[in-house]
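Two complexes follow with chain A in common, the first pairing it with chain B and the second with chain C.
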Partner chain A sequence: MTQHTVEHQHPLSARSSVPRGRLARTALTAGFVLSVIVVVTVPLYGAYAATGTSAGTLETLAKWAPLILLGFGLNLLMSFIAMGIGTVAGVGLGIAQVSQVSWVRRAAWAATEMFRNTPTLILLFMAMFLLPFELRFGDLVIALPPWLKAILGFSLSMMAYVSEIVRGGLQSIPTTQWEAAEALAFTRRDTLRLVIIPQCFKQMLPPWMNVYAIMIMSTPLASILGVHEGLTITRSAISAEGQPELLAPFYLFLLALFFVYSYPISLWTLRLERRYAIKH
Partner chain B sequence: MTDASTLPIVRIVDVHKSFGLVPVLQGVSLDIARGEVACIIGPSGSGKSTLLRCINALVPIDQGSILIENEEINTPSLDKLTLRRKVGMVFQQYNLFPHRTALQNVMMAPIHVLKQDKAAVETRARALLKKVRLEGKEDSFPGELSGGQQQRVAIARSLAMNPKVMLFDEVTAALDPETVKEVLVTIRELAEEGMTCVLVTHEMGFAREVGNHVYFTDKGKIVEHGPPAEFFANASHPRTREFLNQIL
Partner chain C sequence: MFGIDDWFRRLYDTSGINFTYLYDAYDRGRFLAGIVLTLELAAICIIASIVIGVVGAALHGSRFRVTNALVRGYVALFRNTPPLVQLFFFFFVLGGLLTFKTPYGTFQLSNFTWAAISLSVYYGSFNIENFRAGIESVPRTMVQAAEALGYRKGQIYLYVILPLAFRFSLPALGNTLVSLVKATSLAYAIAVPEVLYVSSEIWSDQLNVPEMMVTIMVFYVTLVSIMVYAIHRFEKRLRIPGYSAGR
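The block that comes next holds the complex of A and B.
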């Protein structure tokens, strides 16, 4: 029963008279302030709850914070690169999914479905164990450290999600637009580039950001493969200190880092979704 | 040798087309001379729009022959892009590109398809918009224009490619009675300038006034045709009579 009421009462429905721009800005600001409060207070509270006297724990946390931040930086870096690779490959795959050539279409569909329905962790293991530790092209040797392999794993998963977003976006444009461009002698490539993609770009943006937010959350999976990202370093720090009471504050600190990074993205996504939904 | 200018610009010979098991065109033949205004009328589902779409190869035909300026289009080696530069098409629902302004809609194809110089295209596009009486609307987006205005932008967009033949697919069917007139005036001017026009239309008055030849289609065949004065006065086939009685 309660769930039903929650579902039907969209937060916006009651306040639709407030101008959209201002409402979104207010929500964004409020959200950010909230997240800053969270990032400061949660570890403090954790530290307090764990020890009763917060000073010692806080000092330990402060000592390790730069290293954990550095690890979190690797999470960000992996997410950026995977997002870049995944987007470029995913756009190509998505366009291939609406190709006029049936084997291209089928192959693209199969690749998309395969990587989309495989747990990211399995893709990571595949990247880890199927790729060599270095690539040799004659004299050129390219080392493939674990973090680079992890990026490839994340990219595959991103690629498949982006491919679906692109396919859905392209197919949301009425066929009459294709027909009009065709009648004007546009090539298929120009039709996509000049007519179809510009029209669905806006509506693809929010789901694309959503997928990114999900991916940044899954980057700590790389710790299983021994990548020195945020989670790995946090764990090492805790075990190096050997104090079980550090567990809660340290993990909470890491959680807060992810939250502060992701929450504005999800707010921004929501804002874009709302803006484009009304326009379209 | 026959002089090219006396040959029909569009020659359709025994064209057949089915969508799956449904036959849509069952042996259609017609010739359209250069500068002629041909009007195709007939009940819904009689294959009028499909016939039009066959002429610019938006719909491939199953059997028969379509010659545009004496070039066969029912061949695997057809260069569709070359064909579509010659044959312009205007749609019932306008199908303007909603993310581009009226002027950009007109300019896109000449720039990207014909690779013409942008400045020259812009001058011509502005002149075309003026010709369809849309001066001052250059920077409006399609969503900001009325149906009749959008349809006139669509006509200008098609004309910008300098086509030899213009196809009009029920271009006034989605418009309210008042704006129908402004679009018809534009088409009439085109016809008077000598543009070859093929219209699928329900505007009998327009067909009678502006058309040179009227074709009545039913069940994928041309039942009867003739110059409008003759056609509307003396149509003899019972199916034609029945249709005209209902509509006039």
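The block that comes next holds the complex of A and C.
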């Protein structure tokens, strides 16, 4: 029975292929190298060039590029933290999904389904509006700036995706393994820790990386809620300059940043997928 | 609607839980309009992205290196850049370029159109991979058997490869379409009055953020569950005994 297991697909996922045709490969590599060059040289140029003297498009882009790069750094930071939280929570939730206690199993399933089927943008809105701007525990006050709330919103999505991967991974191990461990008097905990998880770890790695790709592709959503990440800064820069002809180069620069970061990851994911694929 | 109206009005009076769209005709009207627009956007994008996927997969498999390279480039570029930035690029950059004055007034594509184009193009790149993977997982023996039975190349493609490939790609296609339906909420960013946008209007007017949040969540979870169920039924119906989706 095929279930709706979302190995939420992303970049060149599943059974996609590394470009085989030579022309395609050359073109893609050339495009990637070109993007890298643009992404590296433009901010450098901006750092050296005297700011504000000339009004050429390239100069203007170069002037803003370091700031956009900084914003992109926040995108990366948000993706790392949210992925970390999402992974820890997701592994717990995923294991709970195969729990022997039926109410735990059902609750974990319901939580997974709820957060997996709600658009990330809406989870972000919830985190923004429903969390207070600071938390107070007696004297301890923890401020919750927008970017931190955004991270919490993203974490909920990632948690649900990871939970589904973990459930799928655990269930893909033949029941004989569980039975053998039981026959050897392993406790449930030890069975999971010493027998099951080591076997499905490799298999869960590529889909986990796909989830990370979804994560990094989702980070610009935080811009809708006013977090000063790459997209927000790009838009502010364009409106500060007030020249419509800057729209294309600025957006292309931002797209290039994401491409340069994400493309190698997706190729790597693909290689791992191939290597760890279970042959039937 | 008499009973429901009253009940929710009383709920608000007694508990402060304010589901305005359940008793206020104006809010109900715009909320329903938002739902309809989300469904429309989703339907259009589903169809367009499948068309892009089929055409792209065909071009991908063609003998011409240039089309092959173009399709691969398209897939790599669109899958590795954020959909929201793509949406802004389409809407602000291409939208700006495509605005011009005609003798009959200014020609301009609507926000809705740009959202539909952008999401279709993004998810089209996923569908190309889905269909291509489906085509690749058709066993070679099937093709050889068809050749032995005297099928011509075109016939093999039409009668043997495509029907099987479609079935093999269904699970992945289903996942993509689910993501697509969820992603229609991105249209909020360019002020398309879909369900999230109208909800934000309602909560700005009525200050009932938690109620609206719960409502949208329920809406999406229900919508996705219906889709998953439908896709699952469809898969079961198309299933060929002995072939479980290529796995």
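The rule we apply is simple: the second predicted complex is superposed on the first by the 223 of 280 C-alpha atoms of A that agree within 3 Å, B and C clash if a C-alpha of one lies under 4 Å from a C-alpha of the other, contacts with A are read in each partner's own complex, and residues count from 1 in each chain.
Everything below uses one rule, namely that contacts are C-beta pairs under 8 Å (C-beta built on N, C-alpha and C of every residue); 3 or more make two chains touch, one makes a residue touch a chain.
This one's a predicted model, so the numbers in the text were calculated from it and none came from an experiment.
Would you mind checking which one, chain B or chain C, touches more residues on chain A?
Chain A has more residues touched by C than by the other partner.
Under the stated touch criterion, which partner chain does A:99 make contact with: chain B (first), chain C (second), both, or neither?
Once the two structures are laid over each other on A, A:99 reaches no partner at all.
State whether A:236 touches chain B only (first), chain C only (second), both chains, or neither.
Neither: A:236 stays clear of chain B and chain C.
Based on the superposed arrangement, let me know which partner A:184 touches: chain B (first), chain C (second), both, or neither?
In the superposition, A:184 touches chain B alone.
With the two complexes superposed on chain A, say which partner A:176 touches: chain B (first), chain C (second), both, or neither.
The first partner, chain B, only.
Once chain A of both complexes is superposed, is A:198 in touch with chain B (first), chain C (second), both, or neither?
Touch status of A:198: first partner only.
So, does A:223 touch the first partner chain B, the second partner chain C, both, or neither?
In the superposition, A:223 contacts chain C only.
Scan A:210 for contacts with chain B and chain C and give back first, second, both or neither.
After superposition on chain A, A:210 lies in contact with neither partner.
What residues on chain C touch chain A, complex-wise?
65-66, 68-69, 72-73, 75-77, 79-86, 88-89, 92-93, 96, 126, 129-130, 132-133, 136-137, 171-172, 174-176, 178-179, 182-183, 185-186, 188-189, 196, 200, 209-210, 213, 216-217, 220-221, 224-225, 228, 231-232, 235, 244-245, 247
Across the complex, what residues on chain A touch chain C?
Residues in contact with chain C: 2, 4, 6-17, 19, 21, 23-24, 27-28, 31, 113-114, 117-122, 125-126, 129-130, 216-221, 223-224, 231, 235, 244, 247-248, 251-252, 254-255, 258-259, 262-263, 266, 280.
Using the touch definition up top, name the residues of chain B that touch chain A in the complex.
Listed in rising order, the residues of chain B that touch chain A are 56, 58, 80-82, 84-85, 88-89, 91, 93, 95-99, 108-109, 112-113, 157-158, 161.
Spell out the part of chain A that touches chain B in their complex, as residue ranges.
Per the touch definition, chain A meets chain B at residues 176-177, 179-187, 190, 194-195, 198-199.
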